Structure formats: structure tokens, C-alpha cells
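Below is one structure, written out as C-alpha cells; comments come after it.
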Amino acid sequence: MIIEKEEILPGVYRIKFEVPAPYFIEAQPGRFIQLEVSHDPFPVTRRPFTISSVSESSVEIVFEAVGRGTGILAEADAGRSLRLLGPLGSGYRLDPGKWLLIGGGLGAAGFPGLAATVECDLLLLGASSQDKLLTIRETETVTITEDGSSGRKGLITDLLETVHWEAFSSIALCGPIPMMKAVIDMMPVAARAITQVSAEARMGCGWGACEGCSVPKAGGGFLKCCSDGPVFPADSIDWERWEGIH
Amino acid sequence: MDKPYKWTFWKREFTSPILLASGTAGFGLELMEQGFLTGAAAVISKATTLAPREGNPPPRIVETRFGLLNSIGLANPGVDEVLDTLLPQAACLPCPLIINVAGETVEDFPAVIERLEESPVPFGYEVNVSCPNVAAGGIAFGASPEIVERISTLVKSISSRPFSVKLTPNEGSIVESAKAAEEGGADAVTVCNTFLGMKVDWRTGKAPLKRNVGGYSSPALLPLTVARVFKTSEATSIPVLASGGVNRAEDILELLAAGAAMVQVGTWLLRRPDAARELRESMISLLEGSP
Amino acid sequence: MDKPYKWTFWKREFTSPILLASGTAGFGLELMEQGFLTGAAAVISKATTLAPREGNPPPRIVETRFGLLNSIGLANPGVDEVLDTLLPQAACLPCPLIINVAGETVEDFPAVIERLEESPVPFGYEVNVSCPNVAAGGIAFGASPEIVERISTLVKSISSRPFSVKLTPNEGSIVESAKAAEEGGADAVTVCNTFLGMKVDWRTGKAPLKRNVGGYSSPALLPLTVARVFKTSEATSIPVLASGGVNRAEDILELLAAGAAMVQVGTWLLRRPDAARELRESMISLLEGSP
Amino acid sequence: MIIEKEEILPGVYRIKFEVPAPYFIEAQPGRFIQLEVSHDPFPVTRRPFTISSVSESSVEIVFEAVGRGTGILAEADAGRSLRLLGPLGSGYRLDPGKWLLIGGGLGAAGFPGLAATVECDLLLLGASSQDKLLTIRETETVTITEDGSSGRKGLITDLLETVHWEAFSSIALCGPIPMMKAVIDMMPVAARAITQVSAEARMGCGWGACEGCSVPKAGGGFLKCCSDGPVFPADSIDWERWEGIH
């Protein structure tokens, strides 16, 4: 059941669901849920959302209304019951040491949970404008926007020049594929090796059965976003092929 | 369907008529872990081919207004890996496992099944003749009654396990192909599979699926399945396994009334992994509640 | 599709790509009376046969959860009455009239068309080869490319008016049949028709339609039409008239993008007699609004 | 737009629609409207309802919730806008002289308009019980119910024995097919000849195009309920074949 709903940015919503059992509290950051957005059979499949944060009795997501399913969700009021499946997939490998988080747009939706779990030293957030920029509390954040409405004006890659890559022992990266690829391409090889990316793909089931959610694998073949991921070592992905999909 | 409701299929008795359709339940392992196989008579595996197959380029799943297009491309690790890894794990399933078999040539089908005979796990096979016949320029095997009969005869000759031939609704005559499968010794026919479908973005003129067309499934296709189940069950005396459009208990009862021996649930399982339990329960309530 | 939006079909220019599908608009007379033909490029008449046909026993229309089953049975007054009464009235239609022709034998088609040639009214013909071929045990004419080609050649030889061959999605290969129609001289193919469907009441085990199966139509079938339009328009160079599943302006644009020359609206017209105007208007707004 | 809605009997509703133009006032009794019950494409077809009564700016129907479409209508509140097509079909031939009206259950839904137009001398109404019995104001009414909860206990045919058929110059009959056939079978031949029945059939279009609404015609072939009717001379129907349909 939806217990809270808020439009945190224009067209971007935070929804908190009540969950009966406390199994979400165990969910490591980066895992996701599958939401049944309508009582009708249509749209047929559920919609996947990264778990943004959890408590004993609740789970939160942050999403942007981009289409049909998220449009229905954006209209849903507190009190509405929706079927929710999860936590699904595997999240970030929670290595000790200092973390650098790099998020593009709504890619940062999963960072609150991650930032609360690991030792997050620096958070770089980019977006087209302030309107699309999530804020994540209690973390040193540097922002950049394409229109300069928050932080520097430019692309997230412009922030990378000054990063001391050696200072971090883990990097989390999440955002649109071209943005992630640009970031990966600019990284020193050593940084790539410690980078985990949170991937997105159209999903059928969300639990490993349908082979619908393929992400091109480095060296050939495909990974299953829903069960091999959605968080993957950056090196396990074939970035060229992946970029070609969209 | 006497109380305590039983369905007999391939000489076994089941307390549910529900089969989990190929490609939507994996090998049942993920569902078993969650306890979601309750209510399922059997699991039908994803397609298994001789060689491993990567499958089609993504996106592989595209929604339309009232249904789903898929272009999985029979992605699977190949029969060796299925034998080495998946079947041993599937030995623990709480229900039988039927292996769905696909091929690119007529000979592929018996070749894959010959290998699968090495394992004690399969309860039977589902021979997917909806896939394109490479030698015949990509027309589905199922479009030709002669080829359906030949494949059935070949499979029969190398395995004593029961098998169903999964027919295509897209080409040829499903009734003629069903008769040919029976003639060749098939122990059932599966009626049917996804329908050829496509989506085009009118603004860009592009299809989201890289291969343009894919397999379409939707609860709105149920009447198409009902008609084909009715016609094939009239024309043959082997069991008909219905597949297509089920998302309610009423749909299952309707397909049984139309002549199906068992009923598969596919796409709906993607949305409700515990569909078998849910559907079976509400089916039983309907049966109890009916005069 | 340049402004002021024009679609050329059979050498005429139209300001709309919308055709009213056979069997859902009568001969256009009732719609004309209400001023509901605005927005329609042409009306396609209900099936005309050599002899009058009573049609099937009622009920002829049965709704399913997501679509409609019909079992009209080509009810029509026969070609004589069409010539004597309906065509003279239809001379006043504000748009061209295409006559849909059906038959029980191959020879019926040219026979009906030969008669229709006596009237100046028809703009062209739509030859419905989805109906059962009595001589071939009820399999649709359209299932056999040879028969499709023969019918097309016969029609071509007796009429200089353009004609489309309306193919069936239920049997055979729609692509092969489309090629055969082109080979035989058809000026277009209509892709496609209703899909074989059925409903059964699970409580009684009975089908509401007396003939059990009927023709199924539904907005949820649009992706099936899109795929078939795409494949036939790739395989032939004659215009493809799309038919099946349209109920929104987006659907029309999608079918045009998939390769259709014109788009038919059938079932939706039963619900919205002014569908042509409504759909055309909202299609133009979409086109104007698009970058 | 729905301007009034009332549950007049259990599961039976009266709905009044506002209509923009006054063309309904001209509609002769027995004509019908086609209502689009949902904004969705499903159910696909409209639902036909006899016009119960009309005013300059409104039209009323009385219906029973028996399935999907009428179920949706039963839930619709005042203020809801629905597309309405009509008046359709042809109604009663309004011959002068005394009228006898015979209605079974909801078959009487169209009688208020008719009773207000013709010289209605007697109204016979039958139903399974009082719960299903419509009341039509300002007309001498004799009722009969199967359970005796209103009027005599029995079937409508039990009321016919005492009818002075010669006293009437027109008879209107409407109800379930078996009831109508039973009434017709009991009538003197002369009465049959002056009887008009209001027929029902599953409809596709409602305006004559689809041949969906067949009613078996006396002497063979079919009538179109929507455009040849829905009101027909009793003699024009093949009652044996019609009864066989259901």
C-alpha cells in the first residue's frame, strides 16, 4: 500500500510503500522491485524501480513519469494498494573503503540507500537542469547541469577531470547509457576495475526466467539485467554493443 | 473433473490442469526457490537447442497497448549445459519438468532429444515446430504437415517418453498439422504459440524490435486459442494442451470446455510468478460455486 | 504525406487514408444520411454474392472480454438486388464505393464482377478470398496461392476496374498469397480480415455462436495486422490496404508507417458511426503536432 | 450527461440523460438509443435501450443490470458523460383507438412513453415478483407475479382469459421471447393482426449496417431488429425459429 507520495521535482515522484514483512531491510543497495501499476491486465508487465531506501516496514522508490506505467503510478494516491515483488536482483558489492558515487539524472534514485550504507566520500550528480537533479542528504555533493541552473554548467564528464581516482576504493555509476559510457571512457583503467554500474533494460519477468532483459556482456553473449544484475562490474559489460541498442 | 479435482495427463494424475508455458518459467528453478510452483501440474522448460544460442539483440520485450511482443530468439545454453547443470538441479522440482525442444533443421529435434534421454529428469518433451526451418527458407516447420509428421516420427523412434508438438498459428493449417503430429505418433499437441506481431513507431518509422517482428501474446488473444483448441481437439484424439491468452481462472475453464486436456500459462506468469497457485485456487472456487 | 495531406490510391487523390471496412458500413447509405461519411476516402460494401444469402442463424454478434466475434455469414441480397436497388442509391455517395465480392467457388468471383460491371457505380472491387471454398472442403480460397492467383487472373480478365484481394490470416501464408495476388494482376491486397475465434461458456460447455467459431476482431489485434502489413508490403509492390484493430489515429499512422497505402476501419465503426471524421481529425492533429 | 439516476427496483435503474438538441422529443415510442458504456474500447459495442420517456432536453431509460455493460452503467453517477446515439430504429405505429399494453418484466421499460402518447385503456404487467415489476403511472394496470407478491399469482397468460380482445384496436407486446410467444399463441387471430411487438437482439451497430441483429422473419429470412424494428407487427416474425435462438 502507498503510504506517502510526493512530487519532489517536476514529474519526479517519491513513493513510500508499506511492506508487511521486514525482508526489505536486508536488501542491499542497488536491488529493485517490480511494481504492478494497474489492476487491469494492461500494461501486461510490471515496472522495475530501484529501491531508493528502506525501513523495517517500508520501501521507497523515486521515479520519473516517462510513459504509460509511470504515468499511472504518478496518478496513484496514498492508500492505493499495488502488488510489489522484491527485493529482486543483486545490488552493489559493499566493499569497505571510500566510495565515489556518480549519478546522471534519475540514475541517482538508488543512491540514498547506498550512501547510507557505505562510506561515501564524494557524490557527483549531473542532470539537464536543476529540475531533474535529485538531492541526496548528508553527502558531499558536487553538481553540474547542462543549463547551469545548479552547480557548474556542463556535462558530468566535465567534473571528472579533477577527480582523484586513487582516493577511492569503490565507484558506483548510474545513469543513462551514453552518460555512463562517456564516464567509463574517461576513467583510468584502474578506476574502471573498481566501478560498479547499475544497469537498466526492458524487463519481462524480473526474476530470471524469460531472458528478456539482456545487457551485452564483455567478450560476447548477454547478461541478465534482472538476476545477474542490475548492478554489474563495469568491466563485465560490452559498452560498444550496449550503446548501440538505444 | 470430479472432486477432489483431478486431471490425468500422460498417465499421471494431477490436482491442477495448469502447465507453466515454455520460455516464461525458465527451468522452474527460480520459481521453486520462492515456493511458487504450488498449483502447477508441470513446468515446461525454455527452448533447448543442440548448440548454445545467444538469442536476439535487445530490446527483447516490447509492450504494446494491449499485449506483449517478445523477440527472445530461443536464447539458451544448449543441450550439453542443460544436461550438465540445469537438469541435475531440476531433479528437485516439486513437479514434473517437460523439456521444450527447438531446432534449425528437422534432424536437430531427434538429436537434442537423443541427448536428453541420457537424463532421468524429463517427464516428456514439447517439440516446438513454430520456429523457422532454416532449410526451408525460414518458414516454420509447423506450416507443413509433412514435416510435422516427419519430425514426430523421428522423435517417436528414439524416445519412449511422451511428447507434444507445439504448433504455430501463423502459417499453414493448424488442424492439418495437428493431424499430422498424431499420425507421426505425437502424444499431444500444444495449441498454439505466440502470434506474429509487430510495433512501429509512426514518428520515426522504426520498429523497436531489431528483427522488426516478434511473438505477440495478450489476454485478448484467448478467443483465438479457444477456436484453435476446439478445432484441433475435434480433429484428433490426442490430448490438446492449450497455450495462449490465459490470465483468469475462467479462461482455464473455458479452454478445458473447448477441448483442452491441460492449459498453459505463459505471459501472465511474467507478471504473477505465483499465477499457478492463484489461478488454481480461484478455479476451484468457481467450480465449487457453480451449480 | 505532405500538407495539405493527400493519399493517392488507384490513381485518385484522397484527403484521408481511411476506408470503411466491408460488412461494417453496409453500402454507406445509412452513414450518408447522417452525414457520417466525412473523413472516409471510400466505403467498402458488405460482401456481395451471386445468389442472395440469408446469413447465419442468430446470435451473430457476441462480445468477448476484449473483442468481438461475428458470424454474419455473408448475409446479402445477392448481386441482382445490389444492381437493381443498392447501387443506384449509392450513386449519390459523397465518396467512391468499392464492392466486396464473395463466392463459394472460384468461378463465382468473376461471375459476380461481370454483373457488377454493368453498373457505373463501383470504383473498384475487393475480392474476399477469406471465405470458405466449398469445392475444397471449406478451406479458405486464400489459403492456396494457386487459387488466389487463379481468381486474380480471372477477375483481371473481365474487368478493367482496379481490385484488391482480401487475404485471410487464418490459413496458409499471407505473404505467399499476396505475391500470388500480385502475380495474377491484383491492384492491391487487403491485409487482412477477422481472425478465427470462439467463445465457450464453461458452465454449459456451449458456444454462443451456432457455428461455434466466428470472426474475431479487437483493437488488441493491431500488432498482428502491423506485422502482416509490413511483411506483405515488403514482399509485393502493389498497395496494401490494412484492415484489423484500428480504433485510434495513432493506429492508422502506425499502419501507414508499416507499409499500408490505405487503412480500413471496421469494428470501431459499429461503435462510432462517425469514426472516419473523428479519426481523420485527430490524425491530422497528430501530424501537425509532430516535429 | 447523466442528470438523474435512481434505483427504482433492486438492480433496476432509471437514468435520465441531458440531450443537447430537442430531436428526441420527436421520437415515436418504441425507438431506442445506443449507449457507449465505457471510455475504454471494451466492451467494444454500444448497448441498446428503449427510450422510456423524453422531454425537450432529456431522455430516460430504465434498465436492469444483467451483465458487464449494464453493470458499468449501474455504477455510473450523475454528472458522468456518455456518448449516446439515437433515436434509432422505428417505433410503434401510432394508430388511433384504444390500446392494450402487455409487458413482461423489464419489457415494460418503453411503455411510459407509449402510454403517454396513445389512448391506453388497459395495461397488463407480469413479472417473477414485485421486485421486478415496473409501475406505469396513470394507466389502469392489472399485475400478476409468479410468486404472488403483487397482484394475482401466476403467469401473464393467466390474465389473458378475461381480456376482451375486440375492445382494442391496437396491442403492444414486449417482454422475454418465450413470454411473448406464449401470449401470441393464446391470442385470437384478429388480435394477432393488430399486435405490435418490441423485439430484442444482440446488436452490432444499431443503425442498419452490420446485419448483426437478425430476427427470424415469417416466411423465411431475417429482419433487422435495429432498422426494420425494433417494433414489428407480430405477424411478421417467425415465432418458432425465434424461440429456438435462445
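For clarity, chains are labelled A, B, C and D in written order, and residue numbers in each chain start from 1.
As a convention for this text, contacts are C-beta pairs under 8 Å (C-beta built on N, C-alpha and C of every residue); 3 or more make two chains touch, one makes a residue touch a chain.
All values derive from a computational prediction rather than experimental measurement.
Common neighbours of subunit B and subunit D, listed by label, are C.
Compared with subunit B, the chain whose C-alpha mean position is the greatest distance off is D. Subunit A and subunit D, compared by their mean Cα positions, are separated by 61 Å. With centres set at the average Cα position, the gap from subunit C to subunit D is 35 Å.
Chain geometry summary: the mean Cα position of subunit A and that of subunit C are 49 Å apart. Each of the following residues of subunit B touches two or more other chains: 65-67, 218-219. With chains as nodes and touching pairs as edges, the resulting graph is an open line. Those chain pairs judged to touch are A-B, B-C, C-D. The part of subunit D that touches subunit C in the complex is made up of residues 36, 41-46, 68, 83, 85, 201-216, 220-222, 227, 245. On subunit C, the positions that touch subunit D within their shared complex are 23-26, 30-31, 34, 46, 54-55, 57-63, 65-68, 70, 72, 75-76, 217-219, 247, 267-273. The touching residues of subunit C, counted against subunit B in their complex, run 64-67, 69, 139, 143, 171-173, 195-203, 205, 207, 212-213, 216, 218-224, 226-228, 230-231, 250, 253-254, 256-258, 290-291.
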